[in-house]
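Here chain A shows up in two complexes: once beside chain B, once beside chain C.
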Partner chain A sequence: MTLAQIGIFAALGLLAGAVQTRLPRRWAMLALSVLAVFWLQPALPIRGLDFWLPLVSLGLSAAVWAITLPSGIRAERRDGIAGLVILALALGVALTRHLPGLCCLTPSRPPETLPVLIALAAFVGLVWLAARGFGRQPWTLHARVAALALIFVILKSEPLTGAAAAGLRSLAGQNPALAAPVDIRWLGFSYLAFRLIHVLRDRLSGRLPVLHLDEFLTYAVFFPALTAGPIDRIERFQKDLQADFRMDATRLQAAGERLAQGLFMKFVLGDGLALFALNPQNAAQVQTGGWAWLLLYAYALRLFFDFAGYTHIAIGLGLLFGVRLSENFNRPYLQPNLTAFWNTWHMTLTSWLRAYIFSPFTRALRARRWPAGPIILLSQLLTMLLVGLWHGITWNFIIWGLWHGLGLFVHNRWAGWAKDRPALPPRLAALGGGLLTFHFVALGWVWFALPTPQLAGRVLRVLLGGAP
Partner chain B sequence: MTQDIQDRLNAYITAQIMKQPGRTLGADEALISGGLIDSFSLVDLALFVEESFGVRIDDTELNAQTFDNLGQLAALIQGRI
Partner chain C sequence: MSDSARFLRNVLIKAALLFAAANLLFTALDPLPWLGGLSLYNSLLPGRPRFPFGERPDQAYNLSLNSLEAMFASHELAAGLKPADEFRVLLIGDSSVWGFLLENEDTLAAQMNAAALRTKHGRTVRVYNLGYPTISLTKDLLILDEAMSYQPDLILWLVTLESLPYNKQIFTPLVQYNPARARALIAEYGLAIDPDAPEFADLSFWQRTLIGQRRPLADLLRLQLYGFPWAATSIDQYYPESYTPRADDLPPVMAYYDLEVDYSAKDVAFDVLAAGVARAGGVPVLIVNEPMFIAAGQNSDFRYNFFYPKWAYDRYRQLLANEAAAHGWLYADLWQAVDNGEYTNSAIHLTPRGEAVLAQELLRLLEPFINP
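Moving on to the complex of A and B:
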């Protein structure tokens, strides 16, 4: 989000705060979230794609809502109204193509109206069938999880994204030879997919509450959390939506403090540090260890201030609308060990992975009476490998994931061994552990920040005092 | 009944997870947020609860928001027996 977009959302939040009744606030949040999906999407070179991708985000969310309705429960009138509101808004955005010169919500001119109408009709058909009870069997839920994972793989793998871009360019009548992976930048899909998979998995385990379409859509594409999380849990989010909300001085102050903190962290500290943080250009030029460490420290701090600052902004905007989004960071660089680091860095992602990857995998092996050591090693490696791949399917992200998976395993074993053998006073141990943890994490960022193993290897050699 | 559940949980956690048999945990002592039980041991605890009480604790519930002390875990089990 840009500063202007944050300002407009904050102003709308203040307006919403003036609305004291629950009903108009709920619908206003749905409408804003739907429109923001189009508005926040960056421009793409493939004709019409910056309209189609947001539309698919909405369609996917509505389809997942419909197939996760509990058996015996059918859509109600309220859901029908929500569906009409979403359709009207999407069609309204599409029709702005006929209003040249007027402010558009999409970054480029929306596609022609007929294909939009056909797509909307197809989505309505799918959602209607599912809402009537068709396609709600467990295997179809598993198939949806697999489909979301497949889209994920395509978007995170440069060769596959490039191939998909070439195909889409051909469909749009553009030259496929000019296709590039950056042609498909689907804003918010990483977070949307995790929210939808969470809902599908909780439906399968019978733990999903009954949700209305307006609640579900607002949760899935809630604009403060659309671009960079947090990944909230739906039952918690629903409680906030259903609670009475009164904007008062305390809430306003809390929201203002979070917004101010976030803006300072992201746009002053984060963007300031970005000027000399490690990047592919300076990584190829740095010659001495001192400079290399300076670039790396700047990168580590920049990443934290940028991401944690963004979370403050998202939480501040959420508070203006009566939603307290989950916290995502809790002083991660001041933690005494790697396990504590991962319990305080991008907390909603690690909670998600713990709930849907680590714990089920560990439970399955543990139930087969596997010994603890190999299970912990495999579970940590698998989980952290997936965290790496979530950022992109590249060798460097794989190495970064394995670096942390191994680190977590070693810490786990060390903690068990050292529990009864305290060698240092607790304060000194915490200080030493903190420094070691920070530098372990910082060295891992070398793989994360740079695109190729060769470049990362060069920087690591310089960092450790070797020749470039 | 809840006290009995708490006693059995206390015996399991102190002996098998913390390796400190004989220790008594307070009913409101923070287990997860206090760092006494890590995410791997939480899975073991869930399996123990399933075998001992016939109550399944879902993977999505293995966190401090759902239960963070013996009292909360015993109440959760009691509610599902």
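Moving on to the complex of A and C:
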């Protein structure tokens, strides 16, 4: 989000605060979220794609809502109205192509109206069928999870994204030879997919509350959290939506503080540090260990300020609309060990992984009566490997994931062993642990920040005093 | 009015008042020159061996800015007091002196320093690169004026005809955005430059506010932050994989700015050169006509290179020699000191080898000043 976009959202939030009743606020949030999906999407070189991708985000969300309706529950009139609102807004965005003065909410001109109408009709048909009970069997829910995971794999693997871009270019009548992975930058898909998988899995386990389409869609594409999270839980989000909302001084002050904090962290500290943080260019040029450490520290801090700043902004904007989004960071670089680091860094992702990867996998291995050590090792490695792959299917992200998986395992074993053998005074142990943890994490960022193992290897050599 | 509305109103009023006060205070105090002098260079960071300049900051870790104070504060020249055993030589000129496309160890100043000259009294000859890319004698004069506080023992001022036309004098942003300094020099030395020229950036009240000055402020901050990757990598300019070499085939143009064939010394900015010599006071200023590429391709029978028709350049050399003799300026004409094969993307930009040749020539000229 740009400063201007944040400013507009904040102004709209203040306006929404003036609407003191729950009903109009809820619809306003739905409408804003739907429009924001189109507005925040970056421009793409493939014709019409910066309209189609947001539309698919909405369609996927609506389809997942429909198939996760509990058996015996059918869509209500309110859901129908929400569906019409979503359709009208999407169609309205598409029709702006005919309004030269207004065009466009999307970064480039929306596609022709007829294909948009056909796509909307197809989505309506799918959602209607699902809402009538078709395709709600458990295997279809599993299939949806697999489909989301497959899109993930395509988007996170450069060769596959490139191939997909070539296919889409051909469809759009453009030269496929010019296809590049950056042709498909699907705003917020990573977070959207996590939310949808969370809902599908909770539906399978019977924990999912009954949701209306407007609540579900607002949750899935809630604009403050669309670009960089946090990944909220739907039952918590729903409570906020259903609660009476009244903008008061306390809430306004809290929102203002979070926004100010976030803007300062993101646009002053994060963007300032970005000027000299480790990147592929300076990684290939840095000559001495001291300066390499400085670039690495700058990267570590930049990543935190950028990401945590965004979270503050998202939480601040959420508060203006009566939604208290989950916290995502809690002083992660000041934690005494790696486990505590991961409990305070991108906390909503960690919770998600714990709920849907780590815990089920651990339970499955326990059921097979594996010993504790291998269970922990495999579970940590698998979980962190998936975190790495979530950022991109590259060797460096794989190594980064394994680095943390092994680190978590070693800490787990060490903590168990050292529990009854305190060797250092607690404060000294915490200080030493904090320094060690920060540097372990920082060294891991070398793999994370750089595109190839060769380049990461060069930087690690320089960091450790070797020749460039 | 509800509590929340009252709270919001108060917040907005206080914020607006603070914002207005901060802007008024900034406009009244004009702290930019003072802020420009604050620098991490020469303390936390090493000083830069050449002035900050660059249009691709993300790749060069460098940027162009118009604060002379910040430029000097970031330069190694500003690193503390002048050592007692240093014979300080300042090199002033355009991009050829700054070292376009050259790494720092290949610039003219660096190659002169590599000779590790000493005076007969044991003082180390240290050459500082104060070149700045853009061609204008008035820009050079601004730099010389500021540099005098750094106690030079000798100034080498490399010039070429392109820096002399009057309509080039306030062409460079460094002059345009330092109007008070430029006007003070124009007035003091009676320069034939219009002090009211529209090119001077005279800022309105709004442009002098904190909001109006946000870009120069951001530039000051970015200059400090780019110091870290610069110090880590020693890279301070963008080096393209390849470049278009200086033109050998030339346009069939005979005109040179608005000069007539028999133009006189008064038609070009020799008064700025005179002002520089006067400003240096007792410090000797050696004016050097810098080397240039001589083309052999199309239209080279009446043009020397992309910059100059032969008539204009020949006349310039003659006039410069006459002016130097008439005013007692120290002058050397090195226009053909470097082989034609040692030019890069312009008729005045040299290869490292070309700079080495020029450095040897200059060191030879330095001898009488070092050991009089």
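In this text, the second predicted complex is superposed on the first by the 466 of 468 C-alpha atoms of A that agree within 3 Å, B and C clash if a C-alpha of one lies under 4 Å from a C-alpha of the other, contacts with A are read in each partner's own complex, and residues count from 1 in each chain.
The working rule: a residue touches a chain if its C-beta (ideal position, glycine included) is under 8 Å from a C-beta of that chain, and two chains touch if they have at least 3 such contacts.
Computed from a predicted structure; not experimentally measured.
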- Message: For A:S61, using the defined touch cut-off, is the partner it touches chain B, chain C, both, or neither? Pick first, second, both or neither.
- Response: neither
- After lining up the shared chain so the two structures overlap, which partner does A:P360 touch, if you call chain B first and chain C second: first, second, both or neither? first
- Go through the superposed model and pick first if A:M247 touches only chain B, second if only chain C, both, or neither. second
- Message: Applying the document's definition of touch, where does A:S33 land relative to chain B and chain C: first, second, both, or neither?
- Response: neither
- Task: Return first, second, both or neither, reflecting whether A:K419 touches chain B, chain C, both chains, or no partner chain.
- Result: first
- Task: Kindly classify A:G272 by the partners it touches after superposition: chain B alone (first), chain C alone (second), both, or neither?
- Result: second
- Provide the residue numbers of chain B that touch chain A in the complex, in ascending order. 19, 35, 38-40, 42-44, 46-47, 58-60, 62-63
- chain A residues touching chain B in their complex are 201-202, 205, 207, 339-340, 351, 354-356, 358-360, 362-363, 366-367, 372, 375-376, 379, 412, 419-420
- Would you pull the chain A residues touching chain C in the complex into a rising list? 14, 17, 246-249, 251-253, 256, 272, 275-276, 281-282, 285-288, 291-292, 294-295, 298
- Query: For chain C, which residues are in contact with chain A within the complex?
  - Reply: 3-4, 6-8, 11, 57-59, 61, 221-222, 225-226, 228-229, 231-235
